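Take a look at the structure below.
Going by the order they are written in, the chains are A, B, C and D; count residues from 1 in each one.
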Amino acid sequence: HDDLAAYCLMLGDDALVLAQRLAEWCSRAPELEEDVALANIALDLLGQARMLLTRAAEVEGVGRDEDELAYLRDEREFRNVRLAEIDCGPGPGGDFGTTIARLLVFSSWRLALFQRLTGSLDPVLSAAAAKGVKELAYHRDHAAQWVLRLAGGTEYSRERIVAGLALVWAYTEELYVTHPVEAALADAGVGVDPAALRAEVDDVLDTVLRAAGLDRPEVRQVAALAGQAGRDGVHTEAMGYLLAELQHVARSMPGAHW
Amino acid sequence: HDDLAAYCLMLGDDALVLAQRLAEWCSRAPELEEDVALANIALDLLGQARMLLTRAAEVEGVGRDEDELAYLRDEREFRNVRLAEIDCGPGPGGDFGTTIARLLVFSSWRLALFQRLTGSLDPVLSAAAAKGVKELAYHRDHAAQWVLRLAGGTEYSRERIVAGLALVWAYTEELYVTHPVEAALADAGVGVDPAALRAEVDDVLDTVLRAAGLDRPEVRQVAALAGQAGRDGVHTEAMGYLLAELQHVARSMPGAHW
Amino acid sequence: MDLEREFDRVVAADHRVEPRDWMPDGYRSTLIRQIAQHAHSEIIGMQPEGNWISRAPSLRRKAILLAKVQDEAGHGLYLYAAAETLGADRAELTEKLISGRQKYSSIFNYPTLTFADVGVIGWLVDGAAICNQVPLCRTSYGPYARAMIRVCKEESFHQRQGYELLMTMMGGTKQQRDLVQDAVNRWWWPSLMMFGPPDAESSNTEQSMHWRIKRHTNDELRQRFVDMSVPQAVKLGVTFPDPKLVWNDERGHYDFGEIDWAEFWRVVKGDGPCNAQRVAHRRQAHEDGAWVREAAAAYAAKKNSEAVA
Amino acid sequence: MDLEREFDRVVAADHRVEPRDWMPDGYRSTLIRQIAQHAHSEIIGMQPEGNWISRAPSLRRKAILLAKVQDEAGHGLYLYAAAETLGADRAELTEKLISGRQKYSSIFNYPTLTFADVGVIGWLVDGAAICNQVPLCRTSYGPYARAMIRVCKEESFHQRQGYELLMTMMGGTKQQRDLVQDAVNRWWWPSLMMFGPPDAESSNTEQSMHWRIKRHTNDELRQRFVDMSVPQAVKLGVTFPDPKLVWNDERGHYDFGEIDWAEFWRVVKGDGPCNAQRVAHRRQAHEDGAWVREAAAAYAAKKNSEAVA
């Protein structure tokens, strides 16, 4: 049960944190259609996060709810992969190309994960996965379309998507590292071992890159800290600022209901 | 007493909020000497803020201290002028030129204010002012030197300081608007009526601009909201984000002592 | 002249003018300006509420708010599309917005200071917008009327969500109730200004009424909004910051105090708390996105020429 | 050869070599590299702690932290100045840092995850730095030795402040105590790595000892640090994450577990959690500031030529 709660937090936090990042684009996208599209994707992920955090709270069974998990946990208790939290723009850490690059990698990975998760013995996880698979397929296709456009658009846009892919690629190794919780739940038929996703995700990404005429980035991975990374609550220094913004109002008004 | 506490908050918040902004430059300044200088100025202002908030808490007499005032007030309770809070860089809202422009205007204004405040009948205010005057004279001179260098440096640096001055100038009117609390305390010989500072500050700024061969910016003022601005707790939308960062750790750990 | 007579007949009969129908130049240009300003308002209107998406204090409220701001982008899109049916060019309209040559609703030149503002904007600002917009669902120009039907439906939904947030907050802590009252105090008068200047000072009204682009005067709509809002405020447990607000049995309406028209005109003319900020934000997003739009256009052109070849 | 003999005599007698004295090329280049890496470490070291200035949870701690990070900038300045007395150029050294051709202390390639890290960096990281640096106050090159006297004095002050923060936190809530232990767990091993590889694998040590640039071996200093830190940990109420850490009566020292040298070399070679981030941050600041430095130089040149004319 502890493992299941922790697992729901992992998958829930991935979605929550990336939704928070994508929502930063709202009113800042390159065109209105993209404002709508990125908000849609953020909303899908927020919906996934809510289902998963609610499930985590339920399984945990100490009376917390999705909001207590989202707003009252400290940084070290968040379990998302670091790829979800880094600033890929519109902040100074990135731009639209970086955002698309992350979305491509993240949604390809999560789609492969959710496809397997539809067979989970946990009925809530399998239902969440079944719903999520459709959404994530759209997110991935949206990102892939933009990779093609940016790679095949202007010289400058090609530079930008190449730089964006290089930046986010440094966080890809972490996606395939099996955490003990994931290993245990995969054995139990409840969760998915991320190491098993690698070949499939690589294949998807290679297909997109090939269609775009791009090489797979060769970059140094951002290392874990003594073997620990996002799944262990070891985040990048960007995470604290993200949480400060996410949580400030909620933490400022103890006892309030919304 | 309520007025005196409110007045100490006004002057304290001005310093606290600008210190927070200036400290953002730490490790990001154009040269190491400037890292040191901006940190020094931020430290001076932080020291002023601590004296004034402590005095506000004392006068208020309900058992709060400087930290409760800094960390547990909501945005609408902060009393600083909006000039102190706007993003003048290193964030996307500005650059070094904008930062220097704000520092010039702010420190010229505050120096004139503190010079008069040395005669306050409140012994803590007069002592704080006496200490602050020396600091602010240095801040102003530092900013003025940079205005000369940027205006007389390269074509690009001249453009930047002109743009920076234009940006901050839109918040100058507010500096001379007399709040009822200021009026009451000025009458009582405790505070300073900011309206009385205008001629002197204008004169200082004109002198610097003339030496730099720059024109006084002619820009629209950022209006108050139905007559209310920073002194009434009506801030710019930048303020909430600043407070989220300032307060997040403190609010996340209720009951902690530091 | 037959064309003009036919146009007048269609309009007078409350039928719809469609894109390929003949229409007077003044009708076309008035409509383009009005629809564009309406579209701009939706787009600029994303900012004050968008300001709270990252900080919304519950996940449910975050989702509601994000969806609402997204709807505003959608409304902007329908409206720009309606303007395009009249021969306007969206890129040109955007240029006019970010260069300050075309206006948007002045209400968005006020800042959102707390999360309660999100609720009050839903209740009062969307409420006022609906009062203004419902009649436009029957406006004489077909594409505009149809866009407005969709917009109004979604706006009503937003208004209910805003009111529901406020109800929840009023049932919460004292701090929450204080935030709601504070937000109401700040947004009430600007909401009344949303109906535009008093009829006596309003230009264009007569011609627009004739063309059935407009169907009620500013003062009529403002009165309707006040009459609707007062009982809602009572139910909510807040007061409006107007000592002269009182039921007038004789008129069968609420009387209310004098609006600060000097403030209204200052904000319209550019001197509000956020005018410069709102336009700068939009311009920045537009400029930052230029390379992406260029890439998309270049890519589409390549694909087209490949398809042809 | 007289010059070399005189140099050897001065060094052997523990006197100081001064900038205008003759010195061997190897001595000069070794010193420049060492002083530059030390300066770079101070500058990069501003980042992990600077990360918490805006969020420090009390005004007193904010002031202490800002002053400390400012001191680090100051240390960087003294040290670059010391390197310049050997003929190095500060701008070139900076180029070497931001292009990754010169290193800085690997400890700064770890992230600061909570405010407790600020205290632990003060206690352990500054503590280890002091162990390394105190002997440098007697190093043979005069300007370096004098810079180190000032640096060490300030570092000791920082170390006490860090320890005092941790004492306060340990006397606080359970949440605070947990943060301290968590931070100690993360920083203990990297702190031990600060003394460099084991003597058996350390290059340059012998020559540097001969030149009195270095006065103790890595392992000697590491042992001194461990022996000093254990009682401090006891007093604080935290444990170090090393089951093999135990007093050895025979040696009169604490024994401790095997350091993960593979991790050490990975981080040194660029594969730490923050290597890319730290250098990118420095490069960005340097590039963003280029126009300001150019302006200052252009202005100074104009003033000079005016003074001449």
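Just so it is clear, a residue touches a chain if its C-beta (ideal position, glycine included) is under 8 Å from a C-beta of that chain, and two chains touch if they have at least 3 such contacts.
Predicted model only: the values in this text are computed from it and were never measured.
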item	value
Chains touching both chain A and chain D	B
Pair with more cross-chain C-beta pairs in contact, given B-C and B-D	B-D
Approximate Å spacing (C-alpha centroids) for the pair chain C, chain D	58
Gap in Å, rounded to a whole number, between the CA centres of chain D and chain B	35
Whole-Å gap between the CA centroids of chain A and chain B	40
Two or more partner chains touched - positions in chain D	55
Residues of chain A touching at least two other chains	74, 240, 244-245, 248
Contact graph of the chains (line, ring, star, complete, other)	other
Contact pairs between chains, per stated definition	A-B, A-C, A-D, B-C, B-D
Chain D contact footprint on chain B (complex, rising order)	16, 20, 23-24, 26-36, 39-40, 42-43, 46-47, 49-50, 53, 66-67, 70-71, 90, 95-97, 148-150, 152-154, 156-157, 160, 245-246, 248-250, 253, 255-258
Residue ranges of chain C touching chain A (in the complex, touch as defined)	43, 46-47, 50, 53-63, 66-67, 69-70, 73-74, 76-77, 80, 115, 165, 168-169, 171-173, 175-176, 281-282, 284-285, 288-300, 302
Chain A-facing residues of chain D, complex	48, 51, 55, 110-114, 182, 186, 189, 260, 263, 266-267, 270-277
Interface residues, chain B side, partner chain C - complex	74-76, 170, 220-226, 234-237, 240, 244
Partner chain A, residues of chain B touching it in the complex	74, 91-92, 240-241, 243-245, 247-248, 251-252, 254
